[in-house]
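Common to both upcoming complexes is chain A, partnered first by chain B, then by chain C.
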Partner chain A sequence: MTRGFAGSGAALLRHGAVVCAIAVVMFFLIRVIPGDVVDVLAAEGDLSDSEIAALRAELGLDRGVAAQFVAWLAAAARGDLGLSIRFERPVAEMIWFAVPGTLALAAKALAIGLTLGIGLAAAAVIWPRRVFVWLVNAVNLWSIALPTFCVGLAAILIFSIWLGWLPVLGQATLPAIVIGIDIAGQLAKPLHEDLKEIAAAPFVRAARARGQSRATIVFRHLLPNAAPVAIALSGLILAGLIGGTLTMEVLFGLPGLGTVALQAILGRDYPVVQAVILVFALAIVLVNALTDLCQRALDPRLRHD
Partner chain B sequence: MTRPARLLSVDSLSVKIGARRVVDRVALEIATGETLGLVGESGSGKSMTAFALGGLLPPVARAEGIVHLAGDALPADRPEAWDPIRGRRVGVVFQDPYASFDPLRTVGAQIAMACHLPREAARARTLALLEECGLPEPGAMAGAYPHQVSGGQLQRAGLAAALAQAPALLIADEPTTALDATVQAQIVELLRRLQARHGMAILFISHDLAVVARVADRVAVMKDGRIVETGTAARVLSAPSHAYTQVLVASRPAGRIGAPVRPGDTIALESSSVGFAYAPRRMGAVREAALADVSLRIRAGVCLGLVGESGSGKSTFGRLAVGSARPSSGSLRVFGLEPSDPASARARARLVQMVFQDAAGSLNPRRMVVASLMEPLALHGIGTRGERQDRAAALLDEVGLGTEHLRRYPHELSGGQRQRVAIARSLALDPALLVCDEPVTALDMTIQAQILKLLADIRARRAMAMLFISHDIAAVEAMADDVAVLHRGRVVEYGAASRILHAPVDGYTRALLGAVARLPVRSASAVAR
Partner chain C sequence: MRISPVCADEGGAGSVRSRGAAIAVVILGGAVLLALAGPALSGLDPLAQNIGGANMPPSAAHWLGQDHLGRDIFTRLAVGTRLTLFVALAATLAAILIGAVLGLVAIASGRIAETLVFGGYDLVRAMPSILLAMTLLVALGPGILPLTLAIGIAYAPIFAHVARAVWRRESSAGYVAAARVMAAPPLSILSRHVAPNLFGAIVTQAAIVVPRAITTESVLSFFGIGVTPGTPTWGRMIADAVRHAETAPLALAMPVAALSAITLAFALLGDRLRLGSDPLRRGMAA
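Here is the complex of A and B:
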């Protein structure tokens, strides 16, 4: 037990280090983009040189990058993510309001993707009819060949403009379906391959020899043994999903982290960009940790005993 | 003597995979309570025959024939006809116990599933079955996951699962092949006991004639999908009539091959109090000793047989001898050199070479034979390209292959030919000590005999010292001048082969030798008949 605790402590340290590294890299990267927030404001509203200098001093942008970083880190450690330069609102509050929208979209998309992906892969193994195998390949090709923003645009054109079933902006159904199909495509093909391999394993023949029915073999042997692969893939897909929701939110005009991030980057709103990236980094690390935990819970061979 | 009732019979069973007929019009009969041994080498079709009789053929296989099982006629080509048969009337035990259990479920859960009973009743039956199969703590076994128990124990559990619904026929497909000799003997004993109690018929499939001789009442010999000979076990194994069976029986190594070589004065390998422990997998875990206090000596020209069961540390010692690992304690010298010393690596390579169990795995699949044979020469800057090519051809000739094999890839060769190539490569630098780690274990019986003969010839011709590592007592007996028996990393007995193999002193050595299945000695009258 103590060993397990020490193990999770080490994992926690590792995850923390990853988040810190991302925070450092993104802090400096965003400052490499030419022009800061003052340049953007100056371009919008005709500011004098002295006004620009005063604004820079006020925002602390006249200091060296390293000094800025230390100040930001000190504040972030206290839980203070600062004020948005553009909106003059606390960054934490902006994030807090944006998270539910993104989370809801991601959850819907994931639900659709997992159901469709696992369902198709399982169907292709259970019924050796060509149609399911064909569908697995088709949906896989779809997600490789068609980027979500293209499919999203086409979906708006067909379902919102031509058919008029859904409004163009502000609905989360179409984007969830678009991302969901994309996820299904990434999941179904490798999962199908894995299931085929498991179906040929000697222990499946042994289960048949013991008189197990087809259904028992599929649901109690095949699918549980494919779970590790499904979970590992889902972890990767979830990480990719964060980028996927970003474009969909912007395309469909949904409130969420993606919209916040886009506005912040265009406006060089450093505190907001930093905070959004930090949230994404935390989310990805969390997903990785959860994937690890699930794997361990599912496979007795990975448990320490 | 009245023959008991016929339980299973098939007149003409065929199985095709693609255009290939892997089982060719096989006729078989098994009586109630009888054990039929089905013997053959790899690819002879014996496993496919078993799968067809258990309704377990893979989807790519096409079967023909009607199987009669206690009054029912079952078409071999209709898997659904076997649905009420599988598990209920025909049980199957497989070769690899670890591969025949789902790794994610406990052993008990899987046996309980095989019982096809309500939950509580299934649980009670599971415990009873485990106990009947000789597992002293059925409760602990039921709660364990497959990877947590030993191969022998898991094979007992596999037997329990096969017997869950008290089938009238038990198909045992190489049930002891993956196990150590002492464990093999126990499983065979258990099978006999269960058969005596339940009166089921057993189809016992094996490549190992000696094991079959122990269990079978009658024997059927398969070759290339056909049954070439059937008869009582005593008759087939002592006086085989078919030419192939005669070869099979004769290939069982019996006694030493060739005369002993006069030992040289130099010492090829000397280990004194060698210990080795693998680095612990987790911090703070205890380092488990793989070897402890091993002191052995091989004189030039002498073959030392290193015997032990899996996990005894014999392969670890082989790794130390070729320098791919360094002893944790004690010292090991090969012709005065320390093999793991990087400074002497080149000199070491020219003195000691190794032959592995898995020839396919030890040859680069993307390199032609000639390239594999020239590589060690090129690495040591020996000869010009043309000379190396000539040398490669000469090496192949030495191991009994022709120049036509030079331009082949490993997958184009048979298992025996691949091992010959691996041996040829190990000889390229003219080593004075050859370490052979289970060199014939993965091969068929007839091929084993050929490879052992080859190794013995090469050793005699080159007056080469050899460390021959094997779990197979018969193979060691064929090769070794001296024998060391390893048990849990320690040498329990060490001395002249003739003494140890015929008059062992140590208790473990006796148990090990006692567990080895041997063919009954052929009597002159039986051969004459």
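Here is the complex of A and C:
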């Protein structure tokens, strides 16, 4: 791998191409969907044939798909994502209002997941004879065997219905914990394997021989060296995070991109669907690019080639 | 590969793992039995409503009670098991066809075909699978077949990349080079020399994908864009029951429990297959 500024430039270009291609493919895919928003509106209220035709013309839906695409692309290039057909609000505004909810849930879940995952893996290396090794395996099996969808439903069933503790719907703590445990499970096991290997390395023995404390060894020697493994897992973690957030939002009735996406897909609200997909694609590509950068920053071997 | 220290370290885990495989077989066997014999056993119609019996607890006639419309939960669960397993297995098969088979044919057909087809897989991979399946499903319309296809497409890239990895490993093998020297056509090298070695890798991967396909199906049906309302898959049952969870908790708890049990079974099975397929670690699995 030849990596330098030219390398990052090429990677950036490739990432950009993926986002553009997704935008194009989705645009046409969505328009293959039988029935447009006008059909949905007509089914909900009484619209005469002339009103339907007028509405289609107003929304530009009577034009060919190619013409619609050119119009959309030109507007998108100016940063204008169009109007939501159903809610008659700017799409950018709808996304803007939905993003904080999703980000807050994702950030909470990520914080819980990283703390738990890294903490368990580190604890299992420091005290290999205690319960932590078992916990690492348990949380790993948990995340493989129990989809967040199931855990979320079970949580609703147990906490709000059987125990009657709290109004579960509409609050973000429980879903964040559910997603967080899932992330921790995916992270803890590979991280633990890696930490075990590093802990056996001569430089760790040397540090121990110098009389350094356990905390110093863990924070100065073990964890920084395990960072590349954690970062390499970021794609997997992100996929779990996005899928989990989407599902949990709908399940727990939280405002956010997942709820917006579902409503838009069910209502054939093309501009909103496109925008949501674009936002997710951008997020994924951004994280991939950041992963690339972090790996190079943390691993000097990748910098000079 | 760290062989000796890992074996010493995880010696105790082996027995847990084989017990896991036994648990998996019991759960899966139970699910298949329920799917095949369940509806006949109860002799009830999964769609028959009986408002008088709404939210009734389990009884001699209704083994798991009745849901908010008085439908028999056991029969619905059995029919749901049949539908859910069918969709998941068919979707995985579709993913193998779209991913591994198409991917390998593209690889065998030359550089340009490979770039194009794998570019397509990369696009699919850059989208959250649930969002992609949602969009595809709305485009294809509701129903069992579109559902199968949408989930199949969303998971195809996983199989494509497994297939390519095996192809790259195998194509540097001596016997493949020998076949090339003998001017065997690429497709025959693929089918006669590479495909047999691919089988194990695909099966292992399938054990990972099937439970995900089950979950995806359930989530999609829960969102109301999977199967039509008259089709009681687990996701559909959950969607119906979640609004009436306080009065008929079993109608929600049963499909959730079934979904959890089946994903657990596949996870245990996949773990076992992964260890079994790696000769260096095979000793540990026993």
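By our rule, the second predicted complex is superposed on the first by the 269 of 305 C-alpha atoms of A that agree within 3 Å, B and C clash if a C-alpha of one lies under 4 Å from a C-alpha of the other, contacts with A are read in each partner's own complex, and residues count from 1 in each chain.
Keep in mind that, in the parts below, a residue touches a chain if its C-beta (ideal position, glycine included) is under 8 Å from a C-beta of that chain, and two chains touch if they have at least 3 such contacts.
This one's a predicted model, so the numbers in the text were calculated from it and none came from an experiment.
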item	value
Chain B versus chain C as contact partner of A:Leu298, first or second or both or neither	first
Which superposed partner A:Ala21 touches (first chain B, second chain C, both, neither)	second
Which of chain B and chain C A:Leu153 touches, first, second, both or neither	second
First, second, both or neither for A:Ala74, with chain B first and chain C second	neither
Chain C versus chain B, contacts on chain A by residue	C
Touched partner set for A:Pro202, first chain B, second chain C, both or neither	first
Contacts of A:His221 with chain B and chain C, given as first, second, both or neither	first
Touching partner for A:Gly211 - first (chain B), second (chain C), both, neither	first
Contacts of A:Leu246 with chain B and chain C, given as first, second, both or neither	second
Interface residues of chain A shared between complexes with chain B and chain C	200
Residues on chain A engaged by chain C in the complex (per definition of touch)	18, 21-22, 25-26, 29-30, 32-34, 137, 141, 144-147, 149-150, 153-154, 156-157, 161-162, 197, 200, 239, 242-243, 246-247, 250-251, 261-262, 265-266, 268, 273, 276-277, 280-281, 284-285
Residues of chain A touching chain B in the complex	3, 128, 200-203, 205-212, 216, 220-221, 224-225, 298-301, 304-305
Chain B residues within the chain A interface of the complex	51, 54, 56, 58-59, 86-88, 90-92, 94, 96, 99-105, 110, 113-114, 116, 145, 147-148, 158, 161-162, 164-165, 282, 284
Chain C to chain A touching residues, read off their complex	2, 5, 13, 119, 122-123, 126-131, 134-136, 138-139, 141, 211-212, 215, 218-219, 222-225, 238, 242, 245-246, 249, 252-253, 256, 259-260, 263-264, 267-268, 270-271
